[in-house]
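Which chain is which? They are A, B, C and D, in the order written, and residues in each are numbered from 1.
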Amino acid sequence: MISFASDYTEGAHPLILKAFVDTNYEQTPGYGSDRFCDSAKEKIKKVIGKPDAQVFFLVGGTQTNSTVIATMLSDFEGVVSAETGHINAHEAGAVEYTGHKVMSIPHHLGKIDPDELEQKLAIWTGDDSYDHMVHPGMVYISHPTEYGTLYTLDELTRISDVCKKYEIPLFLDGARLGYGLMSLSTDVTIQDIANLVDVFYIGGTKVGALCGEAVVFPKGRAPKHFFTMIKQHGALVAKGRLLGIQFDTLFTDDLYFKISRHAIDMAEKLKAVFIEKGIPFFIDSPTNQQFFIMEDAVLDKIKDKVTYSWWEKYDETHTVVRFATSWATTEENIEMLRQIL
Amino acid sequence: MISFASDYTEGAHPLILKAFVDTNYEQTPGYGSDRFCDSAKEKIKKVIGKPDAQVFFLVGGTQTNSTVIATMLSDFEGVVSAETGHINAHEAGAVEYTGHKVMSIPHHLGKIDPDELEQKLAIWTGDDSYDHMVHPGMVYISHPTEYGTLYTLDELTRISDVCKKYEIPLFLDGARLGYGLMSLSTDVTIQDIANLVDVFYIGGTKVGALCGEAVVFPKGRAPKHFFTMIKQHGALVAKGRLLGIQFDTLFTDDLYFKISRHAIDMAEKLKAVFIEKGIPFFIDSPTNQQFFIMEDAVLDKIKDKVTYSWWEKYDETHTVVRFATSWATTEENIEMLRQIL
Amino acid sequence: MISFASDYTEGAHPLILKAFVDTNYEQTPGYGSDRFCDSAKEKIKKVIGKPDAQVFFLVGGTQTNSTVIATMLSDFEGVVSAETGHINAHEAGAVEYTGHKVMSIPHHLGKIDPDELEQKLAIWTGDDSYDHMVHPGMVYISHPTEYGTLYTLDELTRISDVCKKYEIPLFLDGARLGYGLMSLSTDVTIQDIANLVDVFYIGGTKVGALCGEAVVFPKGRAPKHFFTMIKQHGALVAKGRLLGIQFDTLFTDDLYFKISRHAIDMAEKLKAVFIEKGIPFFIDSPTNQQFFIMEDAVLDKIKDKVTYSWWEKYDETHTVVRFATSWATTEENIEMLRQIL
Amino acid sequence: MISFASDYTEGAHPLILKAFVDTNYEQTPGYGSDRFCDSAKEKIKKVIGKPDAQVFFLVGGTQTNSTVIATMLSDFEGVVSAETGHINAHEAGAVEYTGHKVMSIPHHLGKIDPDELEQKLAIWTGDDSYDHMVHPGMVYISHPTEYGTLYTLDELTRISDVCKKYEIPLFLDGARLGYGLMSLSTDVTIQDIANLVDVFYIGGTKVGALCGEAVVFPKGRAPKHFFTMIKQHGALVAKGRLLGIQFDTLFTDDLYFKISRHAIDMAEKLKAVFIEKGIPFFIDSPTNQQFFIMEDAVLDKIKDKVTYSWWEKYDETHTVVRFATSWATTEENIEMLRQIL
């Protein structure tokens, strides 16, 4: 049985495990004040080109989204998201649990359109009853999106401009950021992101770490007492080294980028297999998540040999499924998949 | 520089790291549905003697406390805790953030008194204005307490009886449970706890894991859809194996108990050093946390050689400090401490 | 200057003011335990034909919606509403503030479609990731809707059936219930509503009272300690007689129904004026709210003589506006409006 | 049967009812934008001597407390209150429901001591773990307190100074403010309060209105979009005139102060009755609430003739009870009470 169900089916990159072993008996202070966290933060600030950035390490994506959003919004504000945004659809209402509305707008293969965003903001803020309504207080985008798609630099710039015009911060969910940055068809760099957004995070869980997301405020404008609120949200890890060591390793010798590129290379090979087999794309994604329309009869035949993610029903006899590659995907497994198919 | 600042200054028990390495490339499904979690749950159910128990793995203590409390309370209920309870004093208001009051009652070296608890519950529920007040909906105790002290079996039984009488669940915070169970002077076993409480957790972070707390509902009465609410609280880990592997290792060959006993043995040696040096106890704790009253002048002299936890000012010239041992404490470090003192 | 801006431009029906004056010096206990509240509850239970119903009096619509919804949902649940539902669009995020998602579905002139509701519930509950998603825990409808439209008995019955099938309660927001019940073209009675929904409220604020909404649990299944949660939501009035006297008056001699019918009669006359003047309907509503498409040039001319509600831009030169009648609308004002137009 | 159970047993001052009747058919815009609210605000600003103050009208005390506190605190902050503070003891956890801790400190007949407040703030903010703790973000006092006691101008000034030193706002709950200002033994004026606090409210419900509390930000520093958050808290009344007319009447010709003085005069007569009968004070309060220690046997005898508030058990055979006067208390009732006793 091989699995392409997700990019979190294996443990951690071996260099991370090695670092755990090598530093295990070093005594460090808790809650992120250890030297590994310090080092990781410096490396991240350097790679994004923002010496005054603030970096915090949290454990997982949903936690990071709800903590960042709740602490940056005022009580009367909500967060604007694509209908398909992870916070709107697949986080069990974690944002609403903190008291804030997710204000959804239409998506285009997971992306929001800058013009539609501007129109919607104009309608909301121009309403006669605006004082009786939730105020848009942040724009949330994911990059790559939940559909594996990517914003272009132009799109990202225009969304950023709309946010500036309406004076609301832009938050980029980078749970799979590495796979977006290393896509063969992107023109967006991590420095671009640091320039264009107010806060973003660099996903670790899905890019080679056991867990961990690095929240970055590139302009140094983290909410006051953000540390205390991380604690309040249950997102503060006592052994901060768990996160520090992982991100320090990932940002040493470009490991984060190299393993992301490996996943992209594997995704290209995987796509080739499906093309060869004549299985149509549901979305032709430029990142590590690939969506196909498969016959239910075929899925039934392969079900004991390979796992994937169920996405949605396509029609009576077909289903949309997701195959994901990761830092850990091997050419052997791709080859096995070809033979299974 | 050596540290006795806490029981989370080192990484993880080497057997845990070994298990990470050995299983790293095994592909597992996410969110706790992997075989390691399953195995760990079975082992825990066996050790507590409750085949029908439900076990869930969360990441850290504050997160576990607020998730368990918020999901078990109705909106009109609060949680009763000692004034010094971790949830009341040191969790940045995480419980209140979920909408519930912490109803504090006096403590006795960190413990609540069964009779005082009963009196207080009688007063609250008997008040003419009870309908205008927060209803006590849970009793929270920590064992060991924040002062390193332990409930006796008799005390625990009486608290449990009071809870049953008032039909409110009893929750035991076992962030340092191992050190309590392995104390030389306790008469409380983990089976006793499973019999007497409605929910408790077995702390991993402070007992040899990198992170992780195992929440146990010994009677199988977890709140409906507890999994979804773990997600909502940002407490669900995508790579559930991170927690499953750790607890599976800790509950293989009694590792959890053996390393806890080691910490207790080291604590006894540490106490001997302080007795030898004539430094008085602030509390003579039977667990791995030891509290001493030290001269500020002495503290100033040793500050570059050993770290400890500041607890509180004792008087003009003295301070209460905490020295903690753990699974990782070595006899060498104790000896070094002796020489430093 | 005359106003058709809303159905809350005047004070209270004179019989209510008379009752205030007549009973002013009678001493009553607080918080709704007075004889007026008791009497009003009995009258309401009688008129709906449910002797075992529970009735509670709250102050306003948004407050009532958020209190009822928050107290009936579990933490992991959200409330399903038409996109245009008052709770989704015009209550400043009051529901989300209590921690729950409003799960919006398409509307048809303010109404939800029973089949679309069923399809959506099937999709949500059938999703492979359902455990990671907000669970639909209640269906909210307004009757009349925000567009003045009404459900037919058949539609209401089918929505109720869908809710029963999925075992989720149905909540009917009756902020303008009287105007719906007295519509010339409805086949829905208040007894039908009591039979088909799990909770609804009888709006007072917009139907002749100074304030007040009567929440009815026709099956007697109010959440446990609902009174305490009313208090917690800041919705409990110390002088409960304020609400008791008003509802007791409204439900004496069918006053509530009579004044609602008056508003409907006035709405018919108002519609006749617009038809006469050749001003097109935006929606031909069967209740007291009427929506017209008017030329901006005309609106500009009448702006010092009559007030109405701005609804939305229609096109470059036209605007949708709302004219509302109420228990207090006079034939004289309708005639003045005709002359102004 | 006569009642001294509370200061909200009757309806409203007759001048308020007259104003309702006189203005009933005047059409006004909703949500507090009517001319009555405007007029009432101007009168309040004048009487407190703060032309730049902001005034908002809410419905009840618990609602006002939780709305003001929640909107002025940051997420990481709690509100400091006397243990006996209404928000801590008798509001069903309404403050915690909004996510904030009530940080209780000892009381002295309902009052907090300026020195103890300062010591406590010093301890909290000086703690090594301060970043892991709730930050004190507001000080809440009630004046009169829940025990009918009053702060002196000196005490109020010192509390205000402590708040300034720690840069946290001071909030004064004036649910019974009139009775405090008109006490025979106070040296605190409403102008003093406006000078010394950051926000306070002038209670209407317990001082002659049917409902209503006037929230005043004397320095004009209301939270941004406070109106929207009033709505979000369910505290916005559609017919704002309900509150505007009441406060406009209360602040015309000093009515608020005159009727408060009447209650004080009646309280003095009531005290004289108890002194004459040799019934001891539990607290000798300078306001309209009087607390006595009465024999249970006596209470049993009078129970069909007079109602009062149960306060607490005193000893085996005695109970503490509260007798309250109000704007509506008559000399006849006091005389009847004397004869009953």
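One rule holds in what follows: contacts are C-beta pairs under 8 Å (C-beta built on N, C-alpha and C of every residue); 3 or more make two chains touch, one makes a residue touch a chain.
Being a predicted model, the structure only gives us computed values, none of them experimental.
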item: Selected pair, greater C-beta contact count between A-B and A-C; value: A-B
item: Far-end chain from subunit C, centres as C-alpha averages; value: B
item: For subunit A paired with subunit C, centre-to-centre distance based on mean C-alpha positions, whole Å; value: 42
item: Approximate Å spacing (C-alpha centroids) for the pair subunit A, subunit D; value: 50
item: Computed distance of Cα centres, subunit B from subunit A, in Å; value: 33
item: Multi-partner residues of subunit D (at least 2 other chains); value: 75-76, 91-93, 97, 99, 132-133, 228-229, 231-232
item: Footprint of subunit D on subunit A - complex, ascending; value: 31, 70-71, 74-76, 99, 131-133, 135, 224-225, 227-229, 231-232
item: List of subunit B residues in touch with subunit A within their complex; value: 1-3, 5-6, 8-12, 14, 17, 20-21, 23-30, 59-64, 66-67, 91-94, 97, 205-206, 210-211, 228-229, 231-239, 241-242, 307, 328
item: For the subunit C and subunit A complex, residues of the former touching the latter; value: 75-76, 78, 89-93, 96-102, 104, 128-129, 132-134, 309-310
